[in-house]
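The following block contains the structure, expressed as structure tokens.
Letters A, B, C and D name the chains as they come in the text, with residue numbers starting at 1 for each one.
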């Protein structure tokens, strides 16, 4: 548990360092499946004031705060919906990174435009549908998670990222730190996509190249990497 | 008063650190309503040469310098108009940040394109009308403030920022530091807006989503944050 | 002379720090009118390897190297043409800064789009004509200076900057450091202009506003600043 | 050999410092022609964890790993094809830098738009053809090299860079460090080109200016620089 707190703390601190958000925006959480809880950034606390004591521990099943004296991030319920739906998710990052938010605000998927995208994501990073007025009125953050589930349609591993429409990116992974790395990749890929589309609005790579790049890093025939956690 | 000087000094120093201006551009002021004065950056002094002694104290009612040996920022009279018109304003920041100035130069409002904007601003960041030749000829800085008042139309709390046409952003808040944070958000929101509009010139979010995001941070039903000054 | 060497060294070192050039690109020089010489960066030496000994001293009248053991910047002759033509110039900076070079490559003037530009430049930053094949063939760097003189038409004070067509910006001032500051402003103004034009390709500010902003910083009625060297 | 390892280590470490890649993306290699080997970054290791021991030594002729206990970069076979084809190449850098990748994803050459480009590259930076499905299926990285050879058509010195279509830039030089410097220039030139094309999609400089700039730095009549390794 102490290790989880430290990892979540470190991952949150890297959000501003990686240029993914300013002030108090964004949040990272990490899960302890055995204990049935996740640890998340408190609401409205600047990154440089965070410490292990300020983090909030929340029960996955009930949403009850079971550790820490502050309130969790307002986006906590969105994280919880994802943890409940997908047992394989160990960490979640939400940011307001510039280019990914631009796609979210244009309510466009981030398309697969090259191998940089395909190395991490096996398909476009989808943008959710709009929430209905009723979904915004009540349990808004939970319903943000519901709209994400609708978009993912039961499959969270091929593309570990989504854009909440008119809002911004959520990314995930086996750990809090892995979800943060995916948030970094998501922004890099979005920025390159913006520049690519400014050169050629209909750019599209050959499908066989994209397939090759994804499978060299992921799946049974992967041959990328040296570290066990990178498969 | 010593605390105010320190805060205004620190807020001014953060302008270049936050990438909001180069050289001597931009200025932050903070008010002491009890004493009827505000403290502001001196004119033309580089940020790294600023110290508490170089700051200038100005009487709100008269514009008379009552503290410090240097001349106040040339924009001081614009600050003063705002302090006189709105008793709730405790600090003001003016910058030449790249994307906000681009909107000011295009004489376009920064539209509400998503939740990042709505979290801070309850509506577009308005761009003022042009000043008339007579307004530029005489009391130019005071008239810049007058044009801002015309644009705000008596309401400064919903959207604590404005673009002076062909010039740049002014932001405000309860304190000098709060006005600086709003300047940071204003630039972030402008940059995301530029990228969003390059993807979709007619992008527009659902009104009910925008409303929900603003009210979760502001007003009687706000539930964002943990620190008292963040409500 | 020692002071001039130190200032030129410091100004050159700030080029990469200010993000105006990478590797060995760009150069700053400063003049000693009494001695009839200028001091300039050596050719092809990385900024972090520069020291006072590596700087090169050149006679304004003849172009002869009279100090230092290295060859001067290849652009030295362009600097010399400007020093010969304009006795008021005390320092010159040449960079390859991203947005200013983009205007140079598009062979477009950087237009006056707002007060940020007008605070420093009393008019557009002009782009030179193309050099002829003969001008490129022989004495190319001197002819670059000649094309700049053609563009300036005898007047270097109103707008202390120019874009060499398809090449990049040259800026100048009373000292080497002042010319560097103008190079920083030139790039900032170019970047804001690019963003402004992407929002509105025909953006143009009211002429009376531009006039007011320039005259509050420059000329007999200036009221900006506190430091003597800033007038 | 020890010197080569140190240089390759240092060049790899500079990739993230120069903003050319995030996480584990990108790789630099350097050759020892006498020993018939090249040294390259291991696959999937973050830059800050690299040390001399983690580097991998590969036989040019066979592709066999002859030093180091980790697997080489997945792109190692692309490097090897280039080393085999061009004896003058001493180092190779591959990055995912933002603007160069945008051109690669738009499958467009980076055109010669000004002297900044011509100072280093004697012509456009070409983008390769697409790989065929069969080339992606088997020996993909080797075939990426084959497509580069097709594009270069036997000539690697005039333009020491290429864009692998839908993928990203490869650059080379006499040493590992030289190839890294060319990668930095490639990205700078690509970013300026993007901005130039946004101002003028048909921008093109006079051919005689471009020729002059290239020959002042390269070839028998070069007169740029002071350091022997810069000619």
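Here is the rule we use: contacts are C-beta pairs under 8 Å (C-beta built on N, C-alpha and C of every residue); 3 or more make two chains touch, one makes a residue touch a chain.
Which chain is which protein? Per UniProt: A, B, C, D = L-ribulose-5-phosphate 4-epimerase.
Keep in mind the model is a prediction, meaning the values are calculated, not measured.
Novice: Tell me whether chain A and chain D, two copies of the same sequence, contact each other through the same residue numbers or different ones, using over half shared as the line for same.
Specialist: Interface between chain A and chain D is built from largely different residues.
Novice: Can you give the whole-Å distance between the Cα centres of chain A and chain D?
Specialist: Distance between chain centres, rounded to whole Å: 32 Å.
Novice: Using the average of all C-alpha atoms in each chain as its centre, how far is it in Å between chain A and chain C?
Specialist: 46
Novice: Do you know which chain D residues sit against two or more other chains?
Specialist: 198
Novice: Based on which chains are in contact, what kind of graph results: line, ring, star, complete or other?
Specialist: Topology of touching chains reads as a ring, each chain with two neighbours.
Novice: Show me, using the given definition of touch, all chain pairs that touch one another.
Specialist: Final set of chain pairs in contact is A-B, A-D, B-C, C-D.
Novice: Tell me, which parts of chain A touch chain B in their complex?
Specialist: Of all residues in chain A, those touching chain B are 22-25, 42-45, 70-71, 74, 96, 98-99, 101-108, 130-133, 136-137, 140, 165-168, 194, 197-198.
Novice: Can you list the chain C residues touching chain B in their complex?
Specialist: Touch residues, chain C against chain B: 113-116, 119, 181, 184-185, 188, 191-193, 195-196, 198-200, 203, 205-206, 208-213, 216, 223-227, 230.
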